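Labels for the chains are A, B, C and D, by order of writing; each one numbers its residues from 1.
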Amino acid sequence: MNAFAQIRQSLIIALWFMFLTFPILAVRVNTIEKVVEWRWPNMIYVGIGSFLISFVWRYFLERKAQGGKQGTHTALLGEATVQAMTVATPSVQATTATEVTPAGQAGAQTAKAPATATGKPFMQRIMAEPRLYRPVLMVLSLFGLAFPFLPFASTYQINIVTNALLYIMLGLGLNIVVGLAGLLHLGYVAFYAVGAYSYALLYYHFGIGFWVALPIGALFAAIFGIILGFPVLRLRGDYLAIVTLGFAEITRLVLENWNGFSFGPSGIAGIPRPGLFGMEMDLHQVTIYIYFLMIALCLFTIFVVNRLQNSRIGRAWVALREDEVACEAMGVDPTMAKLTAFALGSTWAGLAGVVFAAKTTFVNPASFTFLESAMILSIVVLGGMGSIVGVIIGAFILILLPEYLRAFSEYRMLLFGLIMVVMMIFRPQGIIVGIRQIYEFKKASAKEGNRQ
Amino acid sequence: MMEPLLDVKELTMDFGGLRALDKVSLQVLPGEIVALIGPNGAGKTTFFNCITGIYKPTGGDVFVTPPGKKQRRISGMKTHRVTAQGMARTFQNIRLFPEMTVLENVMIGRHCRSRVGVLGAILRDGTTRREEKDIVDTSYAILEKMGLAEEVNELAKNLPYGDQRRLEIARAMATGPFLLLLDEPAAGMNPRETDALEELIRRICKEDNIAVLMIEHDMRIVMSISSRIYVLDYGRMIAAGTSVEIMENPVVIKAYLGEEEIEDDKCS
Amino acid sequence: MKIRLSGRVFLSWIIIAGLAGLFAGPVAAADTIKLGVAGSHSGDLASYGLPTKRAAELVAKEFNAKGGVLGKKVEILSEDDVCKPELATNTATKLVSRGAHVVLGHICSGATKTALGIYKDAGIVTMSSSATNPELTQSGKYPNFFRTIASDDAQAKLDANFAMDVLKVKKIAILHDKGDYGKGLAEFARSFIEASKKAQVVVFEGITPGAVDYSAVVNKIKQSGAEAVIYGGYHPEASSIVIQMRKKKMDTLFISDDGVKDDTFIKVAGKAAEGVYASGPKDTTKNPLAIAAIAANKSTYNTDPGAFFLNGYAAAQALLNAIQKAKSTKYEAVAKALRTYPVDTPLGKIKFDNRGDAIGVGFSMYQVKNGVYVEVPVAKPATAKKKK
Amino acid sequence: MFLGGLTRGSIYALIALGYTMVYGIIELINFAHGEIYMIGAFTALIVSSVLAFAGMSGLSVLFLAASVAIIYSAAYGFTVEKIAYKPLRQAPRLSPLISAIGMSIFLQNYVMLAQTSDFLPFPNLLPELTFLERYGLKIGSSEFIILLTTAVSMVLLMLLIKFTKMGKAMRATAQDRNMAMLVGVDVNRTISYTFIIGSVLAAVGGVLIASHIGRINFYIGFIAGIKAFTAAVLGGIGSIPGAVLGAFILGWTESFATGYVSSDYEDVFAFVLLVLILIVRPSGLLGRSTVQKV
């Protein structure tokens, strides 16, 4: 398409969008004072904006089209995104490496292979090189350890980072369900709520402490998940989405209305923070303590998810996501696989919920709305379905950015919506592509493996 | 005579008013390569879907007799249970797991032959590691046999067409079947690839003594490879016998000349 | 195996922590009296939070004009919590980190409860201009909490008694919007009425804000033969319920709360609003300080005062005054000062009881007459003729 | 109460049709559909107020507002499809779903930021029908008009689908997209039309309900959308009479439940109904259970 045509098309698009956004953006009526407010500048912004964006849009659409033909995913957009976030790049290298390194389950046979597989983004090829990422990791790790004690790391800083860590946990949990097993779960927050309320209520009624409540909350969530899962998981993907959404809403409404049980909208206050052998800690210390607690929990989550990913069950999930019929025809029981994924996902939501309750010391239904689910989902979508690093980065971007750019926190949900659409269109696999396990076989081993 | 591996008795399948299969009976004996042919829309794939439990047949029975075990009724069984029984299939329109590597595709096949659960996967204890090792070895061995050993770490979607077909067979083999159901394995292959495939199927049948039941349009391979041929037309079994008998059978000739349409098999 | 594992753990730790660190930013610090102002400054409840913020700024300006507090300038640290509990923790910790000496906020009870724990641990006196949940002061869980607004139960008691003693109704329907504020109020009203035995609650229901129609509920009220409705919640729902009731030619009396005592309600409900009762903070329009404050607001921001403006103003004054009197920003000292020294505010002369509720701040009852809210005496029977 | 249910039902029906048609044709839950309805209502509000301040009144306002609202909803529906769904025709099921949810969230916040987050009073555009007076409290004129409009638009839709060329094209595409393409149906065009028609109905619903309740905000679309979807599934998604039937059943369930049980759990009933239906009879009441092709 030649330049002129391009420009003409973009002009048309610009006009179209100006027309489209006119009543909502340019006019504002105050029905109380009976005055109309005209906001013409907006129209100009829209015009120019859509004119420029339409170029970018087309450019990437073409990119994608070509990429599709070659059957290889072009990492360009991804790289662009990653470059854009100064923080991401090193860590990207870091864990792609963890994913490339075989989890060692295949014993002697498996060894790290030079990532020569075609169609792997250039970046990831570098990441496979230990020499390149090891030093960066060293620096980062020390930094991470020291972080809470650095001068600028105020209680607030630590607190919001802890918050982001919480979302990493949620993201990784949801990632099991959505990213690996490919079940669109819109009710994740319900299990989060189950966790939070189990701790809150257990403490309220029986004075049970954090450490006891942690596993119990997780267990409740898991049970809840299984109960929900049994009937629902037979449904097709899109129905599953809507039903989980429905369940989440029901849960919230019940929490709101069943005072006898959940103390309704006024919630439960005064939930104790996690203790450390009954040690007395002031606010700052507690915050630091929770920070490390969260880091530990995140590492635990990463460890488990990583192991599951490269196991018999993890493979079954991915296969299920790829093609359910074929998967069942290969002897995988889909219901069983889905149920496990669902239960595990819920378990993590439960864990996170307990921590949430302990961290905020207060729970009420307002914290468990659909938007929360949407937020967690967009973390997974942005980061990359099925990719652990991706989710980590996604969480940091989506949770910390709005905190730091306060002005822009108004646009938070707008952004989340946008991200979901744009990512799906241009880079469904997310910023970081989940890399498959790589095996290398010495001929010898192959022979001995050969049954003839 | 010996017990048939697969024994289909008067299988019937209705979609709403339409009768896709009408009292179809078929047998596969150990060591046999049986072909199921017929014009497009005759219901061949539907037949596969019915015996593998993807559709629930409206009537009739399907029995399998795993070598050394006694007869089992599998009609109405869930697909994955059927596969576990020892009957694996491929798909007419290739259905691999595109985003998984070649090796992983085959490893999935081992799923129903391995046990480790969530805890095992997390703790990764001795048993788990041993099992994984076994899965990897077996899968790799199969890939070698199929001549795909070079591409183990390639994403399935990046394989050339012919290899994808073979990978599907490899994946089916990994489930450790005694009977392999191939749905148009030679579709879209050039003569050379077809010959290679024919050779491959023979070897599978001999070396691993896995019987084969295949749907195929390419008469060359059908005639040369199959010990017996069944002909399906409009949901009815109109003929059965050796290649020679089939080629002379007037009904069959009529059925084939009778159809011009080039359009795809509706059930694909 | 072992090595590999620790390697991975190590690795991931790094990434998390590393990213964490890189996001952290610097913190400001200066020798001033820092008055933290937290509340909903954006989002759908901003209209409840911003007035208090403006009030605080005005008060600060006023004090600074008079040479500040303890010779230091007063600095406002304003933080937005969008009335979300989970965000309130961030807001609170941020204020603590930025070294706020006292905090004015939060706006919503839920957010306040969350944040209070943090302020308590940090030893910061907190005063809300709008958090009316009784538990805040009555549970005794939050010794550091004060407020310049009466709690829900006080308001509920007023509504209930007004209905029973002044309007002399025997059958009362209670509705609420399922919200923290509305539902709490409704339940107190119910308990008062049931305790007093002077009337019976014939309907007690929560309605769904933004539901397609309330005719079902309205019908229920009609069938129950309730003479009056007590509604706990905000004006949008109230207006549509009243409209529907009047459409159905029902003359049931409508008594509601602070959330409804808002001119928007009258404008929206129009004719239907006539005769509606709503309790609200004591009328302070005569109070010179209030007039001054409102004038200042008008001149500075050129807006109407808005919800809780005066409470916010009073709170800010009380806090700063307490610091001045206590000659320190220490928690105990300030708290003590608040409890001992009365202070002149737009709400009148107030000081605080041991639980933290302001003495001398209460509610009175208003009724819509010809499109405006006018105070009606709570003592003797209302002049409003019952349309019977 | 029966009437209340009927009114609710007809509103749900108007929205549900959009869901059902879109689903029937591209097997996608268009989460953004509720938002289209909300935008319709907003446009109507804006236009009508502008006109009202300009001193106009009466039916002319209603018609102008309604038509503008319809045009804009249609335009939005069309654009949403082009941006968020068209590029994902070939993508795995999950992608368009997520993109749809994204769109829904985006539109909600777009309206919230551009307009306002609090409820706006919506002028009652519907005329007071005097001849209903003698039925007094039985049926209000707005209810009456809503029922009437719904009925009419149903009939029109039926005719459109049954007899026009476009209707045939739609049915063909719904049957089997590739076949339709082969026999020369312009699939993209057909899909666009489907979205437009769905959006138009949503807009009509938006105007009606808004002037019936008398107030709107940016969030009305979400709940209404889910309810409507419930209705669509209830009646068997993809089937147009099914959607209508489902909508009425849902409407009655809700208003009777809120009437006799309690309005505390008003929304719960809808969701419970949805969950039950999906579990007990995923194909819905009038839905044909499709055999999955292998």
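Things to note:
FYI, contacts are C-beta pairs under 8 Å (C-beta built on N, C-alpha and C of every residue); 3 or more make two chains touch, one makes a residue touch a chain.
Worth saying up front: this structure is predicted, and the values here are computed from it rather than measured.
The greater number of contacting C-beta pairs, out of the two interfaces A-B and C-D, is seen for A-B.
With respect to chain B, maximal separation of chain centres occurs for C (centres as means of Cα atoms).
Distance between chain A and chain B, defined via averaged C-alpha coordinates, is recorded as 39 Å. Centre-to-centre separation of chain B and chain C, using mean CA positions: 71 Å. Centre-to-centre, using mean CA coordinates, chain A is 36 Å away from chain C.
Touching of two or more other chains is recorded for residues 43, 178, 206, 267-268 of chain C. Residue numbers of chain B whose C-beta contacts span two or more other chains: 54, 91.
In chain A, the residues that touch at least two other chains are 32, 103, 257, 325, 410.
Residues of chain D touching chain A in their complex: 27-29, 39, 42-43, 45-47, 49-50, 52-53, 68, 72, 75-76, 79, 83-84, 87-88, 91-99, 101-111, 113-116, 120-121, 123, 222, 226, 229-230, 233, 264-265, 267-268, 271-272, 274-275, 278-279, 282, 292, 294. Contact residues on chain C toward chain A in their complex (touch as defined above): 1, 4-5, 8-27, 42-43, 80, 83-86, 88-90, 93-94, 96-98, 109-110, 113-114, 117-118, 121-122, 133, 135, 139, 141, 178-180, 183-184, 187, 206, 264, 267-268.
Interface residues of chain D facing chain C in the complex, by the touch rule stated above, are 1, 4, 7-8, 11, 112, 117-119, 121, 137, 140, 209, 212-215, 217, 219-220, 223-224, 227, 254-255, 258-259, 262-264, 266-267. Only residues 16, 19-21, 23-25, 27-29, 31-32, 34-36, 42, 61, 64, 178, 182, 184, 186, 231-232, 235-239, 241-243, 245-247, 249-250, 253-254, 257, 325, 370-371, 374, 377-378, 381, 410-411, 413-414, 416-421, 424-425, 428 of chain A touch chain D when the two sit together in their complex. Residues 52, 54, 78-80, 83-84, 88-89, 91, 95-101, 103-104, 107-114, 116-118, 120-122, 124, 128-129, 131-133, 135-138, 140-141, 144, 149, 152-155, 157-158, 171-172, 174-175, 207 of chain B are the ones that touch chain A when the two sit in their complex.
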